[in-house]
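Quick heads-up: structures coming right below.
In what follows, chain A forms one complex with chain B and a second complex with chain C.
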Partner chain A sequence: MKIYLIILGLFIVSFNVIAETAEEKGLAIAVEADKRDTGWGDQQAKLVMTLKNRFGQESRRENRNKTLEVDGDGDKTLIVFDSPKDIKGTAFLSFTHALRPDEQWIYLPALKRVKRISSSNKSGPFLGSEFSYEDISSQEVGKYKYKYLRDEKINGRDTFVVEAIPQYNKSGYTRLINWIDKERYQPLKTEFYDRKNSLLKTLLYSQYNQYLNKYWRAGRMDMQNHITGKSTSLEFLEYKFRTGLKDRDFNRNALKRAR
Partner chain B sequence: MKNFEANYGQWILRYRWLVILACFFAVLMAASGGQFLSFTNNYRVFFSEENPQLKAFDALERMYTKNDNVIFIVTPKNGDVFTNKTLAVIEELTEQAWQLPFSIRVDSITNFQYTSAEGDDLTVQNLVEDAEKLSASDIKKIKEIALNEPVLKNRLISRTAAVTGVNATIQLPGKNETKEVPMVVVKAREIMNDFNQRYPDIEVRLNGMVLMNNAFSEASQQDMQKLILPSFILMIIILGILIRDLSKPWYSLLVLFGALAATIFIVASYFTKGVHLVPEAIYKPLSYIVIALPFAWYLLFMRLLPGTATTFLIIIFSIMAAMGIGGYVGFPLTPPSMSAPTIILTVAIANCVHILVTFLHDMRVGKEKNAAIIESLRINLQPVFLASITTAIGFLSMNFSDAPPFQHLGNFVAFGVVASFILSVTFLPAVISLLPVKVKQVDTDKDQLMERLGDFVVRNRKRLMFGMGGVIIVLISFLPRNELNDVFVEYFDESVTFRANSDYMIKNLTGLYIIDYSLASGESGGVSNPEYQKEVAAFSDWYRQQPEAIHVNVFTDIMKRLNKNMHGDNQDWYRIPQNRELSAQYLLLYEMSLPYGLDLNNQINVDKSATRMTVTLKTISSNEIIALENRAQKWLQENTKYITQSDGSGPTVMFAHIGKRNIVSMLSGTTVALFLISMILIFALRSFKIGFISLLPNLVPAAMGFGLWGIMVGEVGLALSVVTGMTLGIVVDDTVHLLSKYLRARREKGLGAEDAVRYAFTHVGRALITTSIILVAGFSVIAQSSFELNAGMGLLTAIVIVFALAADLLFLPALLIKFDGKGKGK
Partner chain C sequence: MFNRLKCVLFFYLITVQLIYAAEWSGQLGIESRIFTETAAFSGQKGNSSSVFFQPEFYYESETGKDSFTFVPFMRLDQTDNQRSHADIRELTWVKVQDDLEWRVGIRKVFWGVTEAQHLVDIINQTDTVENPDGEDKLGQPMVNLSYITDIGTFDAFILPYFRERTFVGKKGRLRSQPYVDTTTTFYESVDKEKHIDYALRWAHSIDEWDIGLSYFNGTSRTPRFIVGINSSGDTVFNPYYDLIEQIGLDVQATFNNWLWKLEAIHLDGIGGSGASNFTALTGGLEYTFYSVIGEATDIGLVIEYLYDDRGVTIASPFQNDVMFGMRFNLNDEQSSEALVGIIKDIELDSTLYFIEASRRLSENFKIVIEARQYISIPVNDILYAYLKDDYIQVELSYYF
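Right, the complex of A and B next:
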């Protein structure tokens, strides 16, 4: 699927520049972003999540993420929760898919068992935060239909402004608007529009660093919910790439072993 | 002072054109504040910022999400919700409800997140999906689940499965509520109408807090159309007849009605500006017409009815000025404050009547017009001033109320009273002097009816004193029969859709009375503590056993269900998870699998230290709510260790306390008003004794009114708490007029007490009866309000005014002769 899209994208970019429609240009940008972010293999990071309500009350959660790049489909992710204390050691494994329900397993140390979660929901809040799992799972090209809107400058950087319409019918959104950095092909800002197409959340990406001389990763994401006034910030620490993770590190047994 | 009163009339007449111009200008200036008036649509307006119950509720809403809601009540005509067709409609309606502006959550039986287990698989899914394709056995299973699910039963599905609800939680941004609430309501009605049209087998109704908020502004507007205009019509007719202004009755009445039809437009457009019911392109020119029409009308018809027409103009001016000033100050229009125009109308008439009656009397006995005006001002300036200032003080006492709408009402009326006083001693004489006034000349314009009445009272004073005294004591003895009660659903009468739908919902689905408890565990993450959870569960069980409770929504039900799911759906495990880690991990697992909008943020706070338990109740009285809450607190105190804080809150609790809080605060307000008014009377009448005697007829009517209320109704609430202070200012007027005439006869004419009473009767009796009739009529119109607070207030006030008139005419003279009878006057 992805290869087909890339070929399609290349075709569009190289042969049809002048007659390119907004939809084609949007797709081309998504394809290019995906292409530039291919080949990193696997990655690990520590994640600190800070939840804030409208009145400044705060709550912190910490976890570790491991991700394995999967060619042609969504990535495999394993999350181990370190805090708060009562969920320490809980581990969550998911195989992301673009248009069908993700596969999800969770290991509950208090029960010493792995449970498979069968649910078509991706749009609920992740750990009670303003991020849904839909927001932080891997972004496949096929998840959305695209439309290029305009160019804009954000914080002195040139961006493409691209609208993305979710294709998964249980998505919580009607559309997203992404501001994609023209140089790095990474998002600087995303707006999320809810089911009645009114602005629900804004996500800002910052503290970008380049790894392996190629891959850009945001060190910080700030999500603001405009309706409830709540916000969540995600900080990514200690990024590591190509640590030798394999498929067998992402199955039920691995989930039990994960600490 | 004497000199001033005599010269004042001459001065007014000399500069009459200037006076008229100045009045126009001042009124226009003040009335321009009307552009800032708008209808409020939030029940919270009834609570002051210091209100402890409001504070508690605000704190709770800060912790969780706000719970303004819109609920679609769905009734399939075949009486069973669980059919493919109806379930499909509910699925669609659930989807559509997300389209409501500011919706953050939608709950229904179809999107209920049903959890089930098979081996180590946990399935989380909508209870109903693709309803059209479900088999009969699927539906049977779904029905069984729904009717056994504590989260749903009696909240979103009736126990008979005949009625179901789709509940949308709305988070209003609160930036411009006058616009936000109608936006939600318009969309909700659009959806409702659409469904009712497309699915004739199903009936959809609307309810919820947003609808209630909207009902406040709708009731205000309904009142405006229903009350203000009839009161105008009624007043003008009464006035015309009573001051014998209608020389050619039928012709004049016709003219009057024509003119009043035009007025309908005027007043309506003046007050609807705030909500822009009328587009700006229409109301802009309209507001010019508003200003122009009274003048046009006046120019055409003043020759026919000079007194009535001028009074009418003064009323309009007073109302516009008062509402305009209120607009400048920033008062919102609420149902209570919407009765201000009617009250101003009646009170403003009273001032004019006193001046006109004397003026016409003097002309009839042959005085020249201007001389009659000067004399009328001389005689009436002081009593009209006193009556106005005391009325204003009475209404200003409403500022002590804990409910801001009544403060606004008091202030609006006080502004109007002051405006009408100023106009009736400037504008009225100046205009009358410019008009041709024809009266039938008589030798002596003795008011024979009043003379006979005065005679009767003097002769029978002993019997009257004891008779009235007996009636007073009997009525007052019924005072304690009144019980405090504020049922906010019943603030609206059945003609308001919100009320009808509330009644339907309460009867068929669930309650509207809700108490929220924020149960704090005292530590971050403490909601997972099994000891804490056990207490929460026990508390919810206790509540479920209370006869008043219909439904309890508590998160421990979810924990029990998850525990069961995690043990292969074994019913034995339907209990609180045994340890903290397990609870926390279940919660994590559950939260990971919920869809957008169905998370637990409305039940658990950010740092997971507290949960919200929501109890739905039958519609019960304020006292029963307070008693139930006290029982709950007592239970918590005796049975819990881990729950650290647990105040019940919410609109239900707020309204349960509002009556008592207001009565307490109005008690001090009324006392202050009584003290000030008595001081003014003593000072103005220059007699401590007379001032002191006047206390009795001033205070007794309100007590009698509440006594009669105790016999007739027996329930008092928020609205009636302001009646004493308010009527005090009004009933004092009668006393002032009577006493000032009485004293004038004693001091200027040297009459004895008995003759002074007769003098007072012949000179002021008719005016008193006239104004009382007008006031009673005015407040009786308010008693027709579709807003119960206004209706009750209007009715009781009318009763009090009748008693006041009786006390002044039948009781006060006897007291005067008894206690002021010695000596033959000065």
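Right, the complex of A and C next:
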């Protein structure tokens, strides 16, 4: 009896390997990436955003991010702006979800007003940068349909090339193509295709570091817009994990006293 | 000797630590108002300029559980000595303990969701001389305890000192006729400004809904007026502050591009001096078209209805009015944005046009332009006194 089960098991496993479609393989890669990035709890980082226009003129903005991992749902994120100075103290709270709309609030310190804002603005620019709201929102497996395309080497690293098609409403993209590092299961490059399916933006991830002996985080992201010639770079500084953040640090009161 | 040295060293270290941990920031600005018509009333001046300064000192303890904020404000106005004024906008200590938050000192609190007016928002007194839109507030002394639970946030406020509303002086534009003289002020309470007010609030977010319920008991922030004669022989309005209780409801529903908003208040006089009981509401919606112009410009449409069951009175100009506004957000590096709109009185035909636009000029400079125009306002509308006060205002600020 036992031996039959083992044989049956082997048969199922091998059958799966043979029959795995490109879609299944794509999903399996996304699930594995998500699994490997589960359990970090909470994280904090400083973020320096440098916006560059096509003439090479730069402007800089700084903010601090706090993120709480939520089991079975999207993360909760609080972003506090430090510069430019006129928006210092402005804070942004977001509860992300895979398919239902995110919940977002903004705090305006001059009026001491917390405003619930619409999260329909997926494709709009975040703070005038080349990153849109959907780019900075937490990446949940259920947000996309996947398709494995091929293997490729980038900067000497082996990657899976996987297509991801947004399943949530109001995305500005028809599809994304991700280059996923085979060893770390983290993206090295993403191409964004607009609603007309032409290449709109390319994002490069670099300066990866490992935290808590497990979790990889990019220290730098460079987004190039091919249509406007503008680019935005993000530098992540002072990553901290498991700092003891709780649900309690992600509500409207916390938004008001975020500094 | 050694002990003294140790003592000095100790205080030196404390001070250095405090300065190191603390941060200074703030805003320094100049503002010019250009009035397009000659003044309606004798004594009123024409165009005017002013400067203002609002530094902010912030200190946070190592654990982040305690913080201290100090924000003084000062404006010097070329023409109106009532508009030249100083205030402590904030002088607060905040303590966070698990589910409780204590806030003690002078602060500003905002309640509400609508755009045209803020009915529910009652904790702070309006600093009317700053801007006729009523969004500038005076610092309010308080003890505030917040209790955060899974079924919402409960707030209790004790407000031990009343702040009198500021009013534009005789020489200033955008004032009533006769002007308000605050050297004589009447209170219903025998304790006058020392009457202890209190307030309670519950606020919660449930999926698409943000809901707030509030209760206030104390001195009305909005005065009635009593006609009097002041020391220089002018006929003036003297403010009279009733004792009231107010219940308020504010709700916002956020469905994709739609924001549905409602604020309603019911006010009762509680001192028996005949403060009128009334109900007022503001309700409407906002719809935003994202990235409709070029790559990134959003256009939002705002429509709100303003109602007050007292009808046409001196108490409020918005008894049966409609506000329609368009919001432009360029989403560019300079955070350029504009709001243009109109508030129209359905009964009286009075019309107010307004524009507010702002743009960042560089890392530290920002410009804000505002304009208001008052059209066909009949004598029985309280805004009649503003009829000749159409203006354009340019404000340039340096942020540090």
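Quick note on the criterion: the second predicted complex is superposed on the first by the 243 of 259 C-alpha atoms of A that agree within 3 Å, B and C clash if a C-alpha of one lies under 4 Å from a C-alpha of the other, contacts with A are read in each partner's own complex, and residues count from 1 in each chain.
The criterion applied here is as follows: a residue touches a chain if its C-beta (ideal position, glycine included) is under 8 Å from a C-beta of that chain, and two chains touch if they have at least 3 such contacts.
Every value quoted in this text rests on a predicted model; they were computed, and no experiment measured them.
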> Following superposition onto chain A, is the placement of chain B relative to chain C best described as a clash or a fit?
Replying inline: clash
>> Contacts for A:240 in the overlay, against chain B (first) and chain C (second): which applies, first, second, both or neither?
In response: neither
>> Looking at A:248 after the superposition, I want to know if it touches chain B, chain C, both of them or none. Which is it: first, second, both, neither?
In response: second
> Touch check for A:228: first (chain B), second (chain C), both, or neither?
Replying inline: both
> Is A:103 in contact with chain B, with chain C, with both, or with neither (first, second, both, neither)?
Replying inline: second
> Looking at the overlay, does A:196 come into contact with chain B only (first), chain C only (second), both, or neither?
Replying inline: first
> After superposition on the shared chain, which partner residues are touched by A:128: those of chain B (first), chain C (second), both, or neither?
Replying inline: both
> Does the superposition put A:51 against chain B (first), chain C (second), both, or neither?
Replying inline: both
> Which holds for A:214: it touches chain B only (first), chain C only (second), both, or neither?
Replying inline: neither
>> According to the stated criteria, A:257 is in contact with first (chain B), second (chain C), both, or neither; which is it?
In response: second
>> Once the two complexes are overlaid on A, one stretch of chain B runs into chain C. Is it 38-46, 452-460 or 524-532?
In response: 524-532
> Which positions of chain A sit in both the chain B and the chain C interface?
Replying inline: 51, 53, 59, 84-87, 111, 113-121, 123-125, 127-128, 170, 172, 227-228
> So in the complex, which bits of chain B are touching chain A?
Replying inline: 62-63, 65, 98-104, 120-125, 171, 173, 524-525, 528, 566, 579-586, 588-589, 591-601, 604-608
> Mind pulling up the chain A residues that touch chain C in the complex?
Replying inline: 51, 53, 59-60, 83-88, 101, 103, 111-121, 123-125, 127-128, 169-170, 172, 227-228, 248, 251-253, 257, 259
>> If we count contacts the way the header does, which residues on chain A are in touch with chain B in the complex?
In response: 51-55, 57-59, 81, 84-87, 90, 92, 104, 106, 108-111, 113-121, 123-128, 132-133, 170, 172, 194-196, 198, 227-228, 230
> Which of the residues in chain C come into contact with chain A in the complex?
Replying inline: 25, 27, 58, 60, 67, 94, 96, 98-99, 101, 108-110, 112-113, 135, 146, 148, 153, 203, 205, 207, 210, 252, 254, 256-259, 288, 290-291, 295-296, 298, 331-335, 360, 363-364, 366, 397, 399-400
